[in-house]
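The same subunit A turns up in both complexes below, where it pairs with subunit B and then with subunit C.
Up next, the complex of A and B:
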């Protein structure tokens, strides 16, 4: 039973983890609650669905195109919406409201284009695979592997490359980074693309695992954000492990009490962290 | 040539005059406005969209008939939120001047009932397990007793002794699941657990594994979609078994899951008659959703009542209370959902059958 619980935590946590990493990376250079990140998740899932169902493309091609589209969509939103707003000195609240408006437009557009009906991405990824002592659908195994790979690659990029140094410099102080000659907007644009790629991947995997619905992006983004805040968004270990912490809290809640306690447990922990440790579990020390 | 031209012109003018006259006649008819407050966006938008399609089908059918009154149908989106439903209903009654409001299930229909009743406007809902309505109300959704009766007969046939109940945190799920939890033991079926999941939950694995330890013969689920689809998928992935049944909405489950679910059964709260389903599917290229057939019948009964209810002297349309009374005294109505027995208390009792997935199609199975 404990093994089963651990596997469930791993599956759910990995799903949240991808979003938490993307959210943390994006908010490190553009610190506001960007709701359009939720739309990007839905773009990944519905893009794959549309390309296979209507354009009859092979699944692998559809996935690649959808994820690439998500990266482009994130970059375009940054270039034509958030950068101009930021340049005009818009506050985080203005950016949040703008993202809320865009999120609503995107959700309604998906609704109109694909209908409100719940769908599941079919194919080989949905089939079960035997891992000796237990079996799980391939997509869940891929989600766990993808979470670890994305964590490793993004960690490498942020902490072992010159670009990562620029991102961290921007995170520390946007003004100072600008004075030293960094092109802040260009850095944010590249980070947007990176987060779009991760969110697109997350959307595709979610589409295979728990299906597609126009409202899917917001709920997932919200859980990813909670994971990132619990873990602490100063380092990449924070959101990565915070997502597993959130998944553990939810699943242990369900196991010990009734299912309706699931969200309550998650939000109680979230509030406790906000009050007593707002910097999260793994936040690095301030110099 | 000139003569021909003048003759043609005269003919065209005469034709258009006739058309104008018809139009004037139609416009001269008293107008009856009917509002429909549906979940057109939000988590249950598919149900609202299905109901809207069905209402349009019924309305168009009536428009082709020579009716006593000119009808207008106005749609509003309540997003399945009570506050929005209240605002919409006030708007429909006070600004649009509707004589009746149609609505779907959830707590919204109760709010609409109250506001409509206070304004002496007819409220017709499709709400499952709703056992009473106010003076101006009518309900066409299936009742707990009927769903329970059909499901228990099937459970007994399959010699089921223990069940786990699984549903969503919604008023409809609560009403039905708790009814089952209270009554199943009286029929010799033990309820091992009664789990309710929040509406946004998409991961039921831990809950399934927790209840699997109890070794139930069957799972009975009544969730708000996509809960049924995801729960069924994850249950299949974890256990490889198909011993679960839905208390109402399995036919609405995602198409891509159907190939794996042969033999699965459900109470038939969705589809309606095969004739209606075919008509609907051909026209909208979509399957029928919850309450579509019920609201199709509800609008038909409502318009039939407006056409046939007595008109008091000095009035040009019937009083709302007389229309409600007419609906309540329809008796047995054979419509898109099948047979509905209208009670004089305003509660409709549609017949509930069991449908099974056989060769990729949901078919009714005999008692």
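Up next, the complex of A and C:
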């Protein structure tokens, strides 16, 4: 029983973790609630679905193309929507509402193109694999591994390379970074491509695991966002562990009551954290 | 003719929602996406009390409005700790919580099955069962809400709200208890949304939780963002515009599902355009 709970937490938390990391990285250079990040998740899943189902491409090729598309989409949105709005002095509220509008457009477009019905990416990844004492679908195992790898790589990039130093400088003060000669827009573009890659990957994995529907991005993004915020910013451990914390709370809630209350538990935890510990679990500094 | 009356009643309900939401978002600068929650509580109060407990329309509506007042007072206390985009996100979270309760607290709300057979109001023996009389009744409330908006806008209370919207620290330093003002306007707005919900439940006669999702709250927010923030006239125009636009699509003869998504697409595009070119809306006096 306990083992099942722990494995569930690991699976769900890894799924949220990917999104939490992407959200945290993105908002470190472009600090607002960017709802189109949710659309990117859906792009990854539906891109793969469309390319295999309608263009009959091999699965691996479809996955690579759609994740690359996600990276480009994230960069294009940043370059042609958010950066221009920001240079015109738009508040983070205006950016949030603009991203809400864009999210609505993308969701409706996916709906129109693929229909409202629930779909799932088929193939070998959905099959079960045996891990000795228990078995789980391959895709869930891959999700867990991917979460740890992405965490490791992004952590390396942000805290042990020169590029990471530039990103953190921009995060501290965009103005100062610019004065000292950093090309802010270029850094933001690269970071958005990176977060697009991670989100696209998470979309593809979700497509194999729980399936796709046009609204999938919104819920997932919110979970990742909650994970990132309750984890705390400042280091990558925050979003990574925060996602597992959220998954743990949700799964315990589901075990105690019923699975319908999953979202309610997540949002209650989110609000409790924002009130009593807005800096998150892993940040000591007061904000 | 019946079609036009139907449209008129929906317009009245949307106008009530837009006017009440604009008091919070426009007058006070608090971007709340939780309006659908209060709309839903009002609707469900009427639905549950009328169909299961034999209450009349007005007493159920009153119960819903009072319940909304209490809920909003508590929720407002939580929300008052946040500002700007955090306020918006937390209010969205609260909306999800209320939707989740409406959907899953099946012993009370019947969950996704919804509640049907909700009756119409009556006053002194007159039963508002014809659409035209219902329209007239709803319109009376729109006029009342409009007047209330203008009254608050012009009052010292309204000036304090606008003050805290523009510069909260300064307003506090002038001796205004801004937390109290914020809580008061939020509660009032939620109670008004409850009235709109009651009318909706009674008119449609069947409600289920999907009418009170976060997406609905975002739709109400779109109405006032397009019409104009902090303006009573703008609220009404926004409600009318966003109601008529999809109706126009209906004449293209598209299948229902396609038309519904096309409508979402247009709403999204409107929001983006407004943010890019006119963040205060058509007749607005305040930019988010």
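The rule is short, and it goes like this: the second predicted complex is superposed on the first by the 282 of 287 C-alpha atoms of A that agree within 3 Å, B and C clash if a C-alpha of one lies under 4 Å from a C-alpha of the other, contacts with A are read in each partner's own complex, and residues count from 1 in each chain.
In this section, a residue touches a chain if its C-beta (ideal position, glycine included) is under 8 Å from a C-beta of that chain, and two chains touch if they have at least 3 such contacts.
All values derive from a computational prediction rather than experimental measurement.
Q: Clash or fit: subunit B against subunit C, after overlaying the two structures on subunit A?
A: With subunit A aligned, subunit B runs into subunit C, so clash.
Q: In the superposed arrangement, which partner chain does A:260 touch: subunit B (first), subunit C (second), both, or neither?
A: A:260 sits against subunit B and subunit C alike.
Q: Could you say whether A:210 touches subunit B, subunit C, both of them, or neither, answering first, second, both or neither?
A: A:210 sits against subunit B, while subunit C stays out of touch.
Q: Touch test for A:32: subunit B only (first), subunit C only (second), both, or neither?
A: Only subunit C is touched by A:32; subunit B is not.
Q: Which partner does A:183 contact after superposing on A: first (subunit B), second (subunit C), both, neither?
A: neither
Q: For A:161, using the defined touch cut-off, is the partner it touches subunit B, subunit C, both, or neither? Pick first, second, both or neither.
A: Neither partner.
Q: Is A:4 in contact with subunit B, with subunit C, with both, or with neither (first, second, both, neither)?
A: First partner only.
Q: Quick check on the superposed pair: does A:108 touch subunit B, subunit C, both, or neither? Answer first, second, both or neither.
A: both
Q: Tell me the contact category for A:93 with respect to subunit B and subunit C: first, second, both or neither.
A: second
Q: After superposition on the shared chain, which partner residues are touched by A:271: those of subunit B (first), subunit C (second), both, or neither?
A: second
Q: Going by the contact definition given at the top, which residues of subunit A touch subunit B in one complex and subunit C in the other?
A: In subunit A, residues 108, 111, 116, 258, 260, 263 are touched by subunit B and also by subunit C.
Q: Can you list the subunit A residues touching subunit B in their complex?
A: Where subunit A meets subunit B, its residues are 1, 4-5, 8, 11-12, 108, 111, 115-122, 128, 136-137, 210-211, 213-215, 219, 250-251, 254-255, 258-260, 262-263.
Q: Okay, in this complex, where on subunit A does subunit C touch?
A: 32-33, 81, 85, 90-98, 100-109, 111-112, 116, 222, 225, 258, 260-261, 263-264, 267-268, 270-271, 274-275
Q: Give every residue of subunit C touching subunit A within the complex, in rising order.
A: Of all residues in subunit C, those touching subunit A are 31, 78, 81-82, 84-86, 88-90, 93-94, 96-97, 100-101, 103-104, 218, 221, 225, 257-258, 261-262, 264-265, 267-276, 279, 287-288.
Q: Quick one: which bits of subunit B touch subunit A in the complex? Just the residue numbers, please.
A: Per the touch definition, subunit B meets subunit A at residues 41-43, 45-46, 48-49, 169, 195-198, 200-207, 209-210, 213, 225-226, 229-230, 233, 237, 254, 256-257, 286.
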